[in-house]
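Here it is, the structure, as structure tokens.
Chain nomenclature is as follows: A, B, C, D, E and F, assigned in order of appearance, with residue numbering initiated at 1 for each chain independently.
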Amino acid sequence: MKKGIAFYKVGEAVDGFFLIKSAVRGIASNGKPFMTIHLQDQSGDVEAKLWDCSPEDEELYIPQSIVRIGGEMGNYRGKSQLKLKAIRPATELDGVKMSDFLETAPLSQDELGEAVTKYIFEMKNPNIQRLTRHLLKKHQAAFFEYPAAVKNHHEFVSGLAYHVVSMLDLAKALSKLYPSLDTDLLYSGIILHDLGKVIELSGPVAASYTLEGKLLGHISIMVNEIGQAAKELEIDGEEVTVLQHLVLSHHSKPEWGSPKAPLIREAEILHMIDNFDARMNMMDRALEKTEPGEFTEKVFALENRSMYKPSFQKEHVGK
Amino acid sequence: MKKGIAFYKVGEAVDGFFLIKSAVRGIASNGKPFMTIHLQDQSGDVEAKLWDCSPEDEELYIPQSIVRIGGEMGNYRGKSQLKLKAIRPATELDGVKMSDFLETAPLSQDELGEAVTKYIFEMKNPNIQRLTRHLLKKHQAAFFEYPAAVKNHHEFVSGLAYHVVSMLDLAKALSKLYPSLDTDLLYSGIILHDLGKVIELSGPVAASYTLEGKLLGHISIMVNEIGQAAKELEIDGEEVTVLQHLVLSHHSKPEWGSPKAPLIREAEILHMIDNFDARMNMMDRALEKTEPGEFTEKVFALENRSMYKPSFQKEHVGK
Amino acid sequence: MKKGIAFYKVGEAVDGFFLIKSAVRGIASNGKPFMTIHLQDQSGDVEAKLWDCSPEDEELYIPQSIVRIGGEMGNYRGKSQLKLKAIRPATELDGVKMSDFLETAPLSQDELGEAVTKYIFEMKNPNIQRLTRHLLKKHQAAFFEYPAAVKNHHEFVSGLAYHVVSMLDLAKALSKLYPSLDTDLLYSGIILHDLGKVIELSGPVAASYTLEGKLLGHISIMVNEIGQAAKELEIDGEEVTVLQHLVLSHHSKPEWGSPKAPLIREAEILHMIDNFDARMNMMDRALEKTEPGEFTEKVFALENRSMYKPSFQKEHVGK
Amino acid sequence: MKKGIAFYKVGEAVDGFFLIKSAVRGIASNGKPFMTIHLQDQSGDVEAKLWDCSPEDEELYIPQSIVRIGGEMGNYRGKSQLKLKAIRPATELDGVKMSDFLETAPLSQDELGEAVTKYIFEMKNPNIQRLTRHLLKKHQAAFFEYPAAVKNHHEFVSGLAYHVVSMLDLAKALSKLYPSLDTDLLYSGIILHDLGKVIELSGPVAASYTLEGKLLGHISIMVNEIGQAAKELEIDGEEVTVLQHLVLSHHSKPEWGSPKAPLIREAEILHMIDNFDARMNMMDRALEKTEPGEFTEKVFALENRSMYKPSFQKEHVGK
Amino acid sequence: MKKGIAFYKVGEAVDGFFLIKSAVRGIASNGKPFMTIHLQDQSGDVEAKLWDCSPEDEELYIPQSIVRIGGEMGNYRGKSQLKLKAIRPATELDGVKMSDFLETAPLSQDELGEAVTKYIFEMKNPNIQRLTRHLLKKHQAAFFEYPAAVKNHHEFVSGLAYHVVSMLDLAKALSKLYPSLDTDLLYSGIILHDLGKVIELSGPVAASYTLEGKLLGHISIMVNEIGQAAKELEIDGEEVTVLQHLVLSHHSKPEWGSPKAPLIREAEILHMIDNFDARMNMMDRALEKTEPGEFTEKVFALENRSMYKPSFQKEHVGK
Amino acid sequence: MKKGIAFYKVGEAVDGFFLIKSAVRGIASNGKPFMTIHLQDQSGDVEAKLWDCSPEDEELYIPQSIVRIGGEMGNYRGKSQLKLKAIRPATELDGVKMSDFLETAPLSQDELGEAVTKYIFEMKNPNIQRLTRHLLKKHQAAFFEYPAAVKNHHEFVSGLAYHVVSMLDLAKALSKLYPSLDTDLLYSGIILHDLGKVIELSGPVAASYTLEGKLLGHISIMVNEIGQAAKELEIDGEEVTVLQHLVLSHHSKPEWGSPKAPLIREAEILHMIDNFDARMNMMDRALEKTEPGEFTEKVFALENRSMYKPSFQKEHVGK
């Protein structure tokens, strides 16, 4: 199998097909135009510079097109940077397609769908179950395609649903150790907590923020959605307000985007599970590329820390 | 006219009828029960202590009942405290009623209603006008009765509507000086910004927080209400999201309760007008009771400052 | 079975034996001495006031003595306060002993010991296993007796060991869902992270801080202990520094007492597990005493929040 | 009329005369010298790069000289940047002069002077009136020429006086709605609050900070000036201290440069009016260049926000 | 020699003359008036309660009168509190006078005056010397009488001058180790830095804040004084602005009261010397009353810490 | 004597030998490789760019090699930057050696050693003396070679020992003015406070952080070292814990790296002396290169301030 772009070392030659994730034109300090291109395959992405680019180049090399490149891996200010020696657009004859280059969740959309359905089926409170099912159905297609975030963690196709399923499995394990937990409420909160992202973001790939996303944010959007779903389903039990509260408070603090702190046990737990799964995902992705006895790149969403992989963790431990 | 309770000085005798605003039982350090009673008339309220109270006292002197008392104004840790010498419940023969004791806005509910109606009538954007009219109508009765806040500013009957009308007048004056302002948007934002308080609070007098108030807060409540009104009126222009944003951002910062900062000129102005009118109200109330050359009591919501009244402001200036 | 002191309501008569947890003398505002006594049984503790106390009272009613009291539950500033009507020291004839009044972990010291031993047995890295076993053995007696904290969470006999076992079970469940975790490191970090408390605190019951506790704190104390254990066992692999780092960083932030943030995956996870188990414990204890549809008392270590128990959680859910 | 430099779009050709606002020499990454020049006309300014510049260029193209340039508007990291193709100094024959290029207040110096005079004339307190008139007269020439700030808001010729007049008009409107305001004090505070800038800054155009500006700042400078004026005019009423306090506290918080918070009603209002007028000015300038349905550039002094212009604000509303 | 009030232990009988430092009337929780009196001798002061006081008591026992009392030292919430058993006003026959009770600096006013004069004499820069001499002369009487602060450090008669002389001696010692220091500037800055307190505070004993103190603060007051002195002496060298800057910046940070941070070496050193001497003074006063092996009372201005006196510091070390 | 590299002005020609302090390869915006080289002599260092460098260049010009260069001093973004015109490696014939280029303390290692020995000799407490002597001896070689910090202050050969000796002299001067100070404790704390840096850093020149440095930090390392020294010397008096506390708390606040604030007088003084000497060193180094009437470069560790050198400080004052 081909080596992923995320795993090349400085000095290694690179030759292959990649998807252009983003392409921005600049003017170099010698006055000539150049392009900053992010090239992507299923392992991640890397920055490359195309110097002295022509107007044709700017038209050819646009986001979401596929290119073949030759070059050498370099390093600029501590981050990998590919030195391009050759570049051309892919043609039909090359037999490559966009989905070959998209990183995707370890589980298929079908598997994810099945898992979520199973958890909804386990719910005993009819109000919670109906609200959850109704909202999931309404946004189903997007829910199983969107990433969990524009960057930082679970930033891949189906990342949102994969993150939700990991959290559900974690919630189930916790509820065995801490039997006081109300799993109906917790499962529903997990499924709904980030569902507003399908309205906040423009699409599953190369997403930007919509006007509603910028002016209201995915938390307020989802709180509204729950209110309207309750109206349509004619549900007016306390479950409606409580579920709205779980979504509203899941960032835990005003300065992190939640106007109310969690005031219900399952709201507090939802926040901690969300945080736990996101941090595990980020640490694993960074450590995967790191040798024992070395530090990872700085990870912005881990308070910009470099994590250390102990030299006695020679092999993937625990497996 | 009778002197209001807020204006007595230490050592003065007090004799008259008052409304009990709150009554809390305690155990004194000698082991005997006592009651801490807040007595209120239209000028404000004062704390009083009823020592060695009997079980009958506790049944008689409850919130929202009227009493006749005799006593002397004292001072405890820098705040006025009434020393009770005699107390009895009011009887029918006394000819007093609750509304005699409630502080109320300087304008009647009719005048306030007329003023708000006039501003809605001035709106030219039909979407904004219909949404505003619909929501005001839905919560009309409460809107003209509620206080603007549980404490701090405009804490009196019709305080919310009076605060809104002051803000509308201020917005009108500003729009003459700064003609770029969109008055439709601004007037609507002013009318709606705190309307969620009629759901957040339990009632117009002696209000506490409802469950929705505690779990969601008046801002999220109103954002939802706008969304549902738009659905009922079948309006889906950008006005809906923009009005939701004005309400959502009117506290300006996450740590003050707004998950989004104002991103629209009229949202920023709404925040400043709200702040301006509240601060004027608090300063005027504190300075009214203060002699020239003296400092006011500490005002909590003015960052706990004591304001100074210059000695050359001998008479009410500006009038 | 007798009702615990934590579950009495205002107005109920109280009659029974209790352990004096603390007793402080004061001067009442009438100039007479009184005592503030905390009375404890296995359900928790309550404050009581003994007014006009004599010098004999002060000698009789000292911490860790047992008394029989009669009185009535009251309330002072929102916290329960027992109104004493009668008090006398317990005598031999009463047939009560101190351990009848101490809250204790749900598992016996034997069960806790067995559980910890099992996890140490599972470790494969010999350096980690030897260090952990050595340090646990050195402080064994105290480890199985001490509370996890002076207040806030797991504040009961064997609280420290019980908290550790809960965390170990949680770590095991997590390592099944996240197989990249190094369980040797994580189990060892969990067992050692708070072991310094047996030097920081004066004893298992009614603990205060020792001089070392005040000048160095349990984190620095334990980092030292690991260093000395390594010297004695002649271990000098990277495991020593890494384990010291896990202990050093387990409060996560400088302002919370950790001079280094977690820089190893298992250090980050250790912090989150510690936090998770402590918060579950505090929430469960507060919610246990609360009816559905009500809010708990304010819980200081949960950022002073009152948690809400939804009214639809009628019975202990999830069981 | 010629299109202003602030309104060109990327790709448009630019040809015309401009004033050089600043010119800084650098060494490009190819080792050759270049100049970063800010070109200005009455609409604003834009950055341009002159690559491979000669020593002659460095002597010719200096701040406050006029040049004719040809080029194309580009964009570098989200800000406009002019790509120079031709540049030459203006000659006498070109018939252009510096004042053609300076942005200036919408009112003439005469109009501004008249407005300020009118407000001073309205003052009834003789101490306040004499102090204000004396200080204004002392710094008159500079007051009517200086900008209100080096950047951010009212950054144009006569910007300081224009900002003051806007604030005075606003104060007058407010005093009609809030009649308790002492307009003498408020008008004087407004006129004096930033007058220290004529000592803090080096001049009306291309201003830098003087030594007094750096070591003392305009607030302390003006507090001193008021003290000395009072001495010269032999005024020693409380008005002196109160006016000094208004100037001292007008930034409201220590961390914003005011060692004392406002302790007088008019001091608090002065702070709010200052803030209000500055924010309106910044928002209007940013929104003027923005199409409906678009966001503005980030505005640093508005907490780095991009403001949104709703798409339903098709025309300049409110006019 | 008589034992000072600061050194009594709980339970000891107290009998002697004291100065009343403050006396505040309160209402006890049994409804009766009482007085909280602070009694002072040269060693410090202690709180005492006079229960059930009569109107005559309130007239007799006023601040700055001398009384004879009998009582017993007690403790209330961790602070000493004297239990009064007998109290009477001192009479002429008692032969006691106020100065017997005032804590005072270890050096006489003459010694302090001589020391300051010596440092002024050492200055070589004539501008600095003349400004310093002029300002010191203007406020001479108060300078040698005032305390350095209302509380916290050097809170005794001549405390300000004593603090200044300690700082001057420290500056001299430092300038020998760090010869780059400009002693003229540093000595002058030390002498002037807190001189504004003689205007900020109402008097040398039992001081409160004047109106100028509250509205401007001692820093702005002194910056003004330097400006006016320069005018009177017709000095306009850079020394004026630099000295104003030293005073303005000596609290180092805006949030501590200095609108400008120190930008001159001697300004930075002035801040550090001020801080050093104040902290030494506070630590010495707290440790003086503490036995080896014990912690001091909490000291508010030392970030509320309790300092520990090591048990091996058996005797006053270093002497 | 040759002029040091730190003192060249823009435009001056530079010709001479220098030590390469660091050399980093980059890719210029024209796609060609270049090197960023820091050249050092005893006066300081300067950045230089070697454009279009060959692979041979990259092998030749490595850290800690000596080169001869010709070029011209330039300026890039306000910092000096040397424009290289010629560069070649030094040969044996050039007769230059590394120590010619290293900035070094003003005192020799012998002088420093003697000074420290003298202070240890003065100690009277045998526990403190033995612990200090033992630890100093253990790390002696490194202690007299290492810099005090990687950057900011005393960043030169023997910088650590020189900083310690300056602090000891300062402590001695202070103890004469403040005789309550325990000089044994203070001297020992000064000698040990940063000794952990010899384990935290990789070496005396061009130091980086070791694994222990990154995971534990020099404070925890040294606290451990003291504990182990006490064990080896069989000392268990309170001195051990107290000395550990002095080291642990010498950064004063958790957010600056000290988990415990100073709780002992000498710990507080140690922190202030450390701060004082470091700040004097940084200010002197920056002001040395600055003309009277000018501001220094921004100094990062002085809160990024530019310090001003008054124009009346024409010559090195105080000498």
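By definition in this document, contacts are C-beta pairs under 8 Å (C-beta built on N, C-alpha and C of every residue); 3 or more make two chains touch, one makes a residue touch a chain.
A quick note: this is a predicted structure, and the numbers were derived from the prediction, not measured.
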Within the chain touch network, how many edges lie on the shortest path between subunit C and subunit D? 2
Return the chains common to the contact lists of subunit D and subunit F. A, E
Same vs different contact residues, subunit B with subunit C, by half of numbers used: different
Note, CA centroid farthest from subunit C's centroid sits on chain D
Just to confirm, which listed pair, B-C, A-C or E-F, duplicates the contacts seen in D-F for more than half of them? B-C
If CA atoms of subunit A are superposed on subunit C, the rotation in degrees (nearest 5) amounts to 180
Using Cα averages as centroids, what's the distance between subunit C and subunit F in whole Å? 45
Need the CA-centroid distance for the pair subunit A / subunit E, whole Å please. 61
Just how far, in Å, is the C-alpha centre of subunit D from the one of subunit B? 39
Give the residues of subunit E that touch two or more other chains, as numbers and ranges in rising order. 29-30, 211, 214-215, 238, 242, 263-264, 295, 308
Pairs of chains in contact here are A-B, A-C, A-D, A-F, B-C, B-D, B-E, C-E, C-F, D-E, D-F, E-F
Give the list of subunit E residues in touch with subunit F in this complex. 125, 127, 166, 169-170, 173-185, 237-239, 242, 261-265, 268-269, 272, 275-276, 279-280, 283-284, 287, 295, 302-303, 305-313, 316-319
Counting only contacts in the complex, subunit D reaches subunit A at residues 28-30, 34, 49, 51, 74, 76-77, 81, 83, 295, 308
Within their complex, state which residues of subunit F touch subunit A. 26-27, 29-31, 211, 214-215
For the complex, which residues does subunit D have touching subunit E? 211-212, 214-217, 219-220, 223-224, 227-228, 231, 238, 241-242, 244-245, 248, 254-260, 263-264
